[in-house]
Amino acid sequence: MAAAFRAMLQRDLLLAWRRRGDALLPVLYAVMVATLFPFALGPEHTLLARISGGVVLVTVLLSMLLSLDAVFRGDLEDGALEYLVLAPQPLALLVAARMLAYWLVTALPLIAVAPLLAYMLGLEGPAQPVLLLALLLATPLLALIGSVLTALTVGTRRSGMLLALMLLPLAVPIVIFAAGAVGAAQQGLPWVAPVAWLAAALALAVVLAPLACATALRIALDS
Amino acid sequence: MNAIKLWYHKLGSPPYFYVFAGYIQPWLWTIAAMLAVAGLYGGLVLAPADYQQGDAFRIIFVHVPAAWMSLFIYGVMAVSAFIAVIWRPKMAEVLAMESAPIGAAFTLIALVTGSLWGRPTWGTYWTWDARLTSELVLLFIYLGVIGLYHAFEDPRQGARAASFLAMVGAVNLPIVHYSVVWWNTLHQGTTVRYFGPSSIAPSMLWPLLAMTFAAKFYYGASLMQRSRVSLLSLERGKDWVADIVRREPTHG
Amino acid sequence: MMNAFPDPQPAPIDVRGLVYERRDERVFGPLDFTVEAGTIALVEGDNGSGKTTLLRVIAGLLRASAGEARVFGSAPGSDEARAGTASLGHLLGLKGDLTPRENLHLGMGLYGCKSGEDPDAMLCRVGLEGFGDEPVRTLSAGQKKRTALARLALLPARLWLLDEPYANLDRHGIALVNHLLALHAAAGGSALVTSHGAVSFHQGVACTIRLTP
Amino acid sequence: MARFLAMGGYAVFVWPAYAVFLLVLAADVIATVLRRRRVLRELRSRIARQGRRRGSVSP
Amino acid sequence: MAAAFRAMLQRDLLLAWRRRGDALLPVLYAVMVATLFPFALGPEHTLLARISGGVVLVTVLLSMLLSLDAVFRGDLEDGALEYLVLAPQPLALLVAARMLAYWLVTALPLIAVAPLLAYMLGLEGPAQPVLLLALLLATPLLALIGSVLTALTVGTRRSGMLLALMLLPLAVPIVIFAAGAVGAAQQGLPWVAPVAWLAAALALAVVLAPLACATALRIALDS
Amino acid sequence: MMNAFPDPQPAPIDVRGLVYERRDERVFGPLDFTVEAGTIALVEGDNGSGKTTLLRVIAGLLRASAGEARVFGSAPGSDEARAGTASLGHLLGLKGDLTPRENLHLGMGLYGCKSGEDPDAMLCRVGLEGFGDEPVRTLSAGQKKRTALARLALLPARLWLLDEPYANLDRHGIALVNHLLALHAAAGGSALVTSHGAVSFHQGVACTIRLTP
C-alpha cells in the first residue's frame, strides 16, 4: 500500500516536473490579478491596504480554482483514470496521493508568493504571518473539497464552470474565516478563533475527502 | 412494520408510483388552492395593518412560507439523496432530483420577496448579512445540484452524482437556520414556534399557517407531477410506458 | 446468491443471465458463459453490438442491470476481482509526458510485478528497443499500443480483459499479441478478448461469445 | 378597492412580492406541463422509429 | 463563402444550445465572484460602492477568461480543427464565425447580468449606462484578442494558465480604459474619451483578429 | 520550380524526392510517386514507419523538409489543393454533441456537396439507419467511423487521403470501405490510403508506396 502511494505521488511529481512551466502559471496569474486591481480601482494607498488581505485571498482561491479542473482531466482523457479505479489498491489511497501532489505543485508556490502580493497591495506587518497561516490552512482545505467536486464532474465533459458553480458556495465559509482572521489581525483584534475553525475543518477533510473523492469517482465513471 | 415495508416496496416500483401519483395529485392541487385562497384572503384583507410597518408586513405571507419551504425541500431532497446514493432505488433518485427545481423556485421567491420587504423596513434591497447570504448560497447549491444532474448523459448516473453533492451541501442548512442566532444580523430572529407561545398576533398567525400548508401541498402536487414526467422518460424502454403513450394520444 | 459450498478455485469469469441496459434499452441480451483458468475466450460481434460494454461490466466499471457476473468468485470491481485482473481498453492509459520505461514502472508500482520479468527486456520483446526514453506522446499509434501491451505482460494478473488488442498494429504486432496470449494461457492465465473477426486469435480458443446488436 | 390596491403606500413592494410568488410557481407548473408534452412526443417518435429499426435488421 | 460562414455560425450556436446549461455558467461564476468580495472585504457599503465598477469589470474579464481556452479546445480534441484548416473556404472566415458565436454565447449573458452585479455591490445610477457601454465595447475586444492568443496556445496542451499569462498584459489597457470611463462617470466627470479609444481598438480588432487568428492556427498545428 | 508548360490536367498527387525530417531525424526517405486520376495508391509500412506523417505532409498540415509535393499541380495546403481534397485521419472530427445527420450537413456547408447525393440515403448506405438522430458521442467506435465515411463520400473532393480507414470496422465495414473506394475510382476520383497490410484494398491498386522505418 505504501508502495502504491509512493508510486502515485512520484508519478504526479514527475509529470509536474516535465511541465514545470505550468506550475509557475498560477503564480503568474495571481501576480497579474493583484496587479490589475490597482488599475481598476486607482492607486489609492489606504483603500488598497484596507482591501489587500481580502484581495490576496480571493486571488489565491481563484488561481487554485483555475487549475482545479485539471486534477483528474488529464487522467480521464488518456484513460489512466479507469486503470487507477481498476487497480488492486484502495482507490482512496491513490486519490490521496494525487491530492497531496496537487497541493504541493499548485498551492505551495502560491503561498510562497502571497506575502509579496500582500506587500505590493500594502498589507501591514502584524497581519502578514496571519495571512500566511490562513493560507496554509485554507489552501489544502480548498484542494481537498475541490478535488471531491472535480471528481463528481469527471464524467461530464463540462468546462471548469460547473466546478466553479459547485465549489464557490462551499468556498464561501473558508474565505469568510480566512479573511476574518486576517481582518482581525489587521485591526489588532484576536484572530485565533477563525483559524482554529479552519484547522478543525482541515483535520476533518483530510480524513473524509479521499474517501468521498473515491466514491465520487466511481459514481462519475459508472455510465 | 410489515405494512410499511410493503408500502415502501410498492411505491418504489415506478409503474405503481406513476398510478399512485396520478391518483393523489388532483387532491393535492385542490387542497393547496383552497388553503392558498383562504390564506391570501386572511392575509391581504382580514389581517389589520401592522402598527410599525403598515401594510408592508403583508409580504410575510409569501416570504416566510417560501423561506421555510426552501429549507424543508432541501431536507427532503437530502434524505432521498442519501437513500439514492446508498441503496440506489430509482424512486429516491427521481424524488431527489425533481425536488431540486421546486426548492430552487422557493429559494428564489424567498430572496426576491425578502429584498422587496427589506427596502421599506431596512432601507435597502440587499446587504451582506449572514441570513441573506446563506440563503443566496442555498440557491447556488440548488443550482449546482440541478446543473450537475443535467451535465451527465445518463440521467441515473447524473442523479447519483447530484445526490452526492446534495448530501455534501446539506451542511448549509443549519447555517441558514441558525445564522440569526450565531451572528448578530439585521434579519429578525425566530418568531413563530411550533412548540410554546409564538410572538405573533393570531390574526396574522392563521393566514401565515394557511399559506405555509398551501406551499407544502403545492410542493407535494408539483413533485408528483414532475416525478410522473421524469418516470416516463427514464423508463422509456419499458412496456408500461409504451402502454401509457399509446393510451394518451391527445396530450400534444 | 452465493454457493453454499464454493468450489476451492472459482473460475476467472462466471456469468449467469447477464443483461446490460442503458436507459432501459437492452445493449446485450442474457449471456451465460464461463472462462476457465488457462483458456482464452473471444467476444465477437459487429460494430455497436456491445463488446466494449460487456468488457466494462466485467471489469466492474459498469453495473449489470440483471443477472450475475463473478470474477474469481467475487463481484466485478471488488477487491478480490481487481487483484487478479488487468485490462486494456480503447484508451490505453499511458501518460504522454512520461517515457515508455517510466510508464511501465508506474504500472508495476500500482499493480505489482510478475516475478522474473524486467521492463527493459519486455520493451525489446514488443519491438520498442530504442524508444524506451522518448516521451510516449511522440510515438505512433502502433508504438503506443505496443507500450500498453508491454505493461500488460508485466503485471501479475491472471485474467486479461482486452478490447480490440489488434487495432492499429501491423502484422508483426498481431503476431506479438497472439504470442503473448499463448504464453499467458500456457502459464495458467485466462483472457477475454474482443475482435471483429477480421483479425483474431485462433489457436486454442476455448469459447466464443457472439453478440448481436 | 383603490385603498386596498394602494396597500398603505407600500403597493410597489407588496404586489410585486405576491406577483413573484405566483409567477415563479406558475412557471414551475407550466415548465412541467411543457416537458410532459415534449417527453410524450419523443416517446411516440421513438416507438415509431424502433418499429422501423426492428423491421430492417441487416443480414 | 457566406454559406460557409452561416454553416459555421449555425454549428456553434447549435452546439451551444445542446449545452445550454454551460452558457449560464460564466454568469453564475461572475455572480459568485461578486458575492465573494463582500465576504473577503466586509460589507461596508461606501467601500463596496467605491470599488464596485472595477470589481464588476475584473469579474466579467475573469469569467470570459475562464471560458476562453475552450474556444478551440473542443475542435482540437476531436480533430475538427484540422478539418477546418483543410476546408476549401478561407480559414479567417470560419474563425470569424467562431468568434462571433463565442461572443454571443458567453459575453452577452454576462453583459445582461452585469448591471445587477453592479447594483448588488452598490454602483450608483448615472454610472450604470456607462458600465454597460464599456462592457459592450470591452468584451468583444477581449474575445477577439483572446481568440488569437488561444489559437497560438492550441498546439501546446497547456491549461488555460498560459493563456491567462499572455492575455492579462493585453487586458490591462482594456481594463484601464473601461474602468476609467466608469470611474469618471461615478464622479460626474466626462467619460467619452476612454470609450472612444475602446471603440477605435475594437474597429481595428474586428478587421485584423480573424486574419491573425487563422495564421496563428496554421502555425500551431504544424508540428 | 513550376513546369514551364504545365500539363492541362495536373495529376492529383505528384511527389518528387519528398523527405520529411523531424528535428533532423529522417522520418521517411526521398519518395517519388504519382497518383493519377481514377487510381488508388496504398501506403504500406510497419508501425512507426511514417504513414500518418506522409499523409499530413500531403494534406499541407506539415511542411516537407526537402523535395517537392504537388497536389493538383499546386503546393499542398494551397487554396487549389484544398478545394479538391478530403481527408480522414486517426481523429474523425465529428462533433459528439451533434447527431450524424447534423454532422453531415455541417460538412456539406463547409466543403460543398457532390451533386445528386442525399445525406439520409448515405447514412443508410453506411449502415446507420436508425442512428441518424442520436448524438455521435453515444455511438460505438465503429459507428463513429461509419459516420465519418458517410461524410467523406458526400463531399465533392476528387482526392481522398485516408489514414487507416479500416481500423475499428467489422467485416461489413471493411467491405463498405472497399466499395466506396471502388465507386470513387470508377467516377474518376483518386485516393491515397494507408494500411498495415493485414486488411486492405486489393482490386485495381495502381501503386503501393512502401515505407520502412
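Lettered A, B, C, D, E and F in written order, each chain numbered from 1.
Just so it is clear, a residue touches a chain if its C-beta (ideal position, glycine included) is under 8 Å from a C-beta of that chain, and two chains touch if they have at least 3 such contacts.
Only a predicted model underlies this, so the values are computations on that prediction, with no experimental measurement involved.
A.B. asks: Check the residue numbers that chain C and chain F use where they touch, and answer same if over half are used by both copies, otherwise different.
C.D. replies: Over half shared, hence same.
A.B. asks: Would you mind telling me which chain pair, B-C or A-C, is linked by more contacting C-beta pairs?
C.D. replies: Counting C-beta pairs in contact, A-C comes out ahead.
A.B. asks: Roughly how many whole angstrom separate the Cα centroids of chain C and chain D?
C.D. replies: For chain C versus chain D, the centre distance works out to 49 Å.
A.B. asks: List the centre-to-centre spacing of chain D and chain E in whole Å, with centres computed as mean CA coordinates.
C.D. replies: 33
A.B. asks: Give the residues of chain E that touch two or more other chains, as numbers and ranges in rising order.
C.D. replies: Those would be 19, 21, 25, 28, 32, 35, 39.
A.B. asks: Using the touch definition from the top, which residues of chain C touch two or more other chains?
C.D. replies: 90
A.B. asks: Taking each residue of chain D in turn, which ones touch at least two of the other chains?
C.D. replies: Within chain D, no residue contacts more than one other chain.
A.B. asks: Applying the document's contact rule, which stretches of chain C touch chain A when the two form their complex?
C.D. replies: Within the complex, chain C touches chain A at residues 59-63, 77, 79, 82-83, 85, 87, 89-98, 102, 105-112, 135.
A.B. asks: Taking the touch rule as given, give the residues of chain B at its contact with chain C in the complex, in rising order.
C.D. replies: Residues in contact with chain C: 154-156, 234-238.
A.B. asks: Show which residues of chain C lie in contact with chain F when the two form their complex.
C.D. replies: On the chain C side, the touching residues are 45-48, 52, 90, 127, 139-143, 145-146, 164, 166-174, 196-199.
A.B. asks: Please name which positions on chain E make contact with chain B in the complex.
C.D. replies: Against chain B, chain E makes touches at 21, 24-25, 28, 32, 35, 38-39, 43, 45, 120.
A.B. asks: Across the complex, what residues on chain A touch chain C?
C.D. replies: Interface residues on the chain A side: 3-4, 6-8, 10-11, 14-15, 18-19, 74, 78-89, 94, 221-223.
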